[in-house]
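Both of the next two complexes hold chain A, though its partner changes from chain B to chain C.
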Partner chain A sequence: MKIEEIVQALGLDVKCAKDCLDREVTGGYTGDLLSDVMGNSKAGYIWITRQVHQNIVAVASLKEHSAIILINSSQPTAETMEKAEAEKIPIMVSDLPAFEISGKIYNLLTAKS
Partner chain B sequence: MLKVYHCDLHIHTCLSPCAELDMHPQALVARALEKNLDIIAVSDHNASANVPYVLAAAAGKNIRIVPAMEITTREEVHVLALLENLSALRELQALIDRHLFGKNDEDRFGVQAVVNERGEVEDINTQLLLGATDLSIDEIVAAIHRLEGLAIPAHIDRESFSVLGQLGFIDDNAHFDALEISGRTGLSRGRLRYPELDRYPFLTSSDAHFLRDIGTATSALLLEAPTFAEIRMALAGQNGRRIVE
Partner chain C sequence: MPVAETNPNLYSGSFIIEGGNFNSAGIVSTSIKSTLKKLGIPGDIVRKAAIVSYEAEINVVSYAKKGVVTLTVEPGIVRIEVADEGPGIPNIDLAMQEGYSTADQRIREMGFGAGMGLCNIKNYSDAFHIESEVGKGTRLKMTITTP
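Here is the complex of A and B:
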């Protein structure tokens, strides 16, 4: 499933790297401890988090995540947006909490396969 | 003449809900003297009301007190702020108070007692001191530096509330003055574990919450005198001042 389809299905607000939504999402990971995300997430995953610090872009880029979703209407900082644009990591914002957005994306990904 | 000063630059008082009530200023200073410490930093979670009383308890004694605070950033990283004087500490506290929300629950988290140098309770702080401020780590470090203080991420080797745990790594643009390694890991093992952080000075401190913990992890600083300016030079490795590793 492509990022674009998830954005449409869940009404996500795309904040940056809007031209990179044609990437394939292979799975997902939910977490706010960046050390844990670095250790346990995989390439192609969509990452769901409450952290907005610019380090999230470096982690997503390093792990080759397809995109980042910020929960509870959390807004990325200016530095985070700038880095995400440069690294071409799409950041989307949802007004849902992590549990709900994770469940919805899980359903979308498993229904498709 | 340069000499080695034994420093424990991260000690809580009974104002921190997780510290024991016996950690009142007079007892804390007595214990630090017993442990032959030359310099200690008094750092409570997002609070500082006991620092003036620790200074009073240490008046005329052979120990230097550094005003400090352990701030919780928005990312839930603990950052130690070391400051030169009480007026800088008061300014930092005013900022933190504007950005810290919630009320303490004594039964769950513990009592937050302000105690004077005679061991008398002056006040009970009702803020949720264990909570996080809504200031980012970059904003906190900038605020500490505006007040000419030193910004030191605490216990980076721990999983919880550490810059490495919460934020994964330290990027090249971070402006930390040193990094604190917990006593459990220690300096030499810290160096082995984090070769990529070799540009930073490392400190080890006790992070004492109990009297018996004071001085259980210390740093040896080569200084000419136990002053803030000398500590700053030692962290920067200037003029022969340094941390002895």
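Here is the complex of A and C:
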């Protein structure tokens, strides 16, 4: 499933790297501890987190995540947006908490396959 | 930045990590990853090297004044060595335990300092060695081999 389809289905607010939404999402990982995400997520995953600082972009880029979703309407910092644009990592904002957005994305990804 | 480069099958270069600066954290790991990619190293090896170097970089940024990463690539082997000018680790066995951390509140709020970094380094390296001297610094040696 493409990022664009998830954005449409869940009404996510795309904050940056809007031209990179045609990437394939292969799975997802939810977490706020960067080492947890570093160790346990995989390339192509969509990362769901409440962290908004610029270090999330380095993690997503090194892990080759398809995109980042910020929960509870959390907004990325200006530095985060700038780095994400440069690294071509789409960041989307959801007004839902982590549990709910993770469940919805899980359902979308498993229904599709 | 790389200081020396030879033929595509053999690379040696070093990178400087600035301690305390979370704004530039990840830059060295990103350089290492792109260097390995350019050398045509297989993707799974590159991904392991990215995890290992990122965790080591974050440790330097979190605790040390400065760190030097040396990347050496030989056929089938990637070696990453990280030497820092930091406080050193008094009890390495304790530091290697998952969940043990001496990180302050500021570091933890960013989602670092969960006591998982050294474990990730060990788990994603094929060989791992750590030595540390209190008051001097810590040296990590990691080797990732092509299966």
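One rule holds in what follows: the second predicted complex is superposed on the first by the 113 of 113 C-alpha atoms of A that agree within 3 Å, B and C clash if a C-alpha of one lies under 4 Å from a C-alpha of the other, contacts with A are read in each partner's own complex, and residues count from 1 in each chain.
Please note the rule applied: a contact is a pair of C-beta atoms (placed from the backbone, for glycine too) under 8 Å apart; a residue touches a chain by one contact, two chains touch by 3 or more.
Just so we're clear, the structure is a prediction, and the values are computed from it rather than from any experiment.
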After aligning the two structures on chain A, examine chain B and chain C and state clash or fit.
-> clash
Is A:53 touching the first partner chain B, the second partner chain C, both, or neither of them?
-> both
Considering only touches as defined above, state whether A:34 meets chain B (first), chain C (second), both or neither.
-> both
First, second, both or neither for A:77, with chain B first and chain C second | first
Does the superposition put A:100 against chain B (first), chain C (second), both, or neither?
-> neither
Winner by number of chain A residues touched, once chain B and chain C are compared = C
61-69, 97-105 or 187-195: stretch of chain B that collides with chain C = 187-195
What residues on chain A does chain C touch that chain B touches too?
-> 32-35, 38, 51, 53-55, 58-59, 79
Flag every residue of chain B that touches chain A in the complex, lowest number first.
-> 75, 136-138, 159, 164-169, 171
For chain A, which residues are in contact with chain B within the complex?
-> 32-35, 37-38, 51, 53-55, 58-59, 77, 79
Residues of chain C defined as touching chain A within the complex = 22-23, 25-27, 29-30, 33, 47, 50-51, 54-55, 58, 110-112, 114, 116-117, 119-120, 123-124
Could you pull out which chain A residues touch chain C in their complex?
-> 32-36, 38-39, 43, 49, 51, 53-55, 57-59, 61-64, 79
